[in-house]
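Note that chain A is present in both complexes that follow, paired respectively with chain B and with chain C.
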Partner chain A sequence: MAGRQPRFNQTTLIDTTPLPAEIPPVTEIGSSSAPLLSASFFIGARCKPYNDDFMQCKSESNGKGEIDCLKEGRKVTRCARSVIEDVNKHCLEEFRKHWTCLDNNNQQLWQCRPAEWKLNKCVFDNLKLEKVIPDTPAGETPVHLKKRSTYSHHGP
Partner chain B sequence: MLFAVAGVVTFGFWKVGRGIREQNELAREKMWSRIHLIPLLTAEEDRDLVRRHYADQAREKELLGSQTSPYNSDRFVRPTFAITPSQKSK
Partner chain C sequence: MGVPFEALIPYGIMLAMFGVTGAGLSKIRHMQNGGKRARHSVDQWDRVMMDRDRRLTGYLRGQTDSPSAPAGFELNNPWRLEKRII
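Let's turn to the complex of A and B:
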């Protein structure tokens, strides 16, 4: 057992000072984990260059990445936000169904394949973003397209 | 009898193998979804840290009139302690 009681001080850990004015503001992504998980592969499909840029900047800035990589970070956030906004605009219903399903199923992606297929189809038709899992073994159906899922509650 | 048992066991292991393969793929899917999200989450957190850092520095400047770093390097150090207000305010 830990020797020190945990203290949850999130309610008092408040510092409302805004960023200095010379740093351009950016609207935060502002969505919770399930929508993000649901949209993650679309974010990855559209924003991979920005993401890679940001991570490279972070790893190359010798521990000063927090301050030096703000610009790249803003690009990452803007790009991800644009994806979420586009998905909301074109596929709101499917998106909502999928992430509600994820929320209700412990965020296990394999429980929500039917909703995911609908969302993927809608997003591909409207935004041309496709879910691709890299490094999937060749000659095998990607796991998100398999019709039978061994671990799903709703039968294989 | 022996052949029947061998058959059942073979079938069982075949199923187990398929299950493990599928689990590996599910793990890969989850990992990649996380990989796609991590830059976004890191960027958001970094902005918050930098905001607090600058606020801390401004507060230090205001209170002490000077800024001194306790560290012998110019790396960004995540603050171990944070100042909390003495009373809650909106």
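Let's turn to the complex of A and C:
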């Protein structure tokens, strides 16, 4: 019964019991959707092993992933948090421009390519993280490096 | 012969009316969305992310880029309760 989304909810319940003491606490990431989308490929570049571990644990845990994979989840959170701290420290201006542009454009990455190129350059120079789209067919330019985009608001 | 501008006045009036209503609606949606363009084609992922933004910042379209969540963020995702019908 708890598996379906509530349809007619009238009240909410906030459960304030803390987690058991043997689970080490980890501060959650405080970025909202646009900065996270903007930094997502850099988080993927740095945290790929931890993310893959977590996804493998969840898919092998037969439905008990929320309880069994807490340790891998903590590693994922700490790694993503380190990426966001580093981007904030080195490239704050370009990062803010990019996610403000994304926020104005329905979170569509293809509308904000000029700002994204500047952010990619800054992050590559300072943090050595490169945005790579996995499974790009060989011999084709990846979609974020193409110079022309027909329908975006910033023109070709 | 000059251009018969009296015949084009009704078209001008129609254009102005459409323009004013379009601009007014766009301005209202702009104000409703906290000074940003409205979101369209919002799916379940986007709804969940916008709910997380509201829990983080207090506004549905608010954004922050701090690495740590504010205190109390771990606790403010509520269980949504339904009354029984039977």
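Convention: the second predicted complex is superposed on the first by the 145 of 156 C-alpha atoms of A that agree within 3 Å, B and C clash if a C-alpha of one lies under 4 Å from a C-alpha of the other, contacts with A are read in each partner's own complex, and residues count from 1 in each chain.
Assume a contact is a pair of C-beta atoms (placed from the backbone, for glycine too) under 8 Å apart; a residue touches a chain by one contact, two chains touch by 3 or more.
Quick caveat, the model's predicted, so the values are computed rather than measured.
In the superposed model, A:Val76 makes contact with chain B only, not with chain C.
Using the contact criterion defined above for the overlaid structures, shared-chain residue A:Asp135 touches chain B, although it does not reach chain C. Of the two partner chains placed by the overlay, only chain C lies in contact with A:Ser32; chain B stays clear of it. When the two complexes are overlaid on their common chain A, residue A:Cys112 makes contact with neither chain B nor chain C. More chain A residues lie in contact with B than with the other chain of the pair chain B and chain C.
By the document's definition of touching, of the two partners only chain C reaches A:Arg96; chain B does not.
Looking at the shared chain after the overlay, A:Ile84 reaches chain C, while chain B stays out of its contact range. When the shared chain is aligned, chain B and chain C each come close enough to touch A:Asp15. Residues 9, 11-15, 28-29 of chain A contact both chain B in one complex and chain C in the other. In the complex of the two chains, the chain B residues touching chain A come out as 18-19, 22-23, 25-26, 28-30, 32-40, 42-44, 46-47, 49-55, 58, 73-76, 82-85, 88-89.
For chain A in complex with chain C, the touching residues are 6-16, 27-35, 81, 84-85, 88, 95-96, 99, 103-107. The touching residues of chain A, when paired with chain B in their complex, are 9, 11-15, 17-20, 23, 26, 28-29, 36-37, 40-41, 43-44, 47-48, 50-51, 54-55, 58, 62-67, 69-70, 72-74, 76-77, 80, 109-110, 133-136, 140, 142-144, 146, 149-151. By the touch rule above, chain C contacts chain A in their complex via residues 36-37, 39-41, 46, 49-50, 52-53, 56-57, 61-70, 73-76, 78-83.
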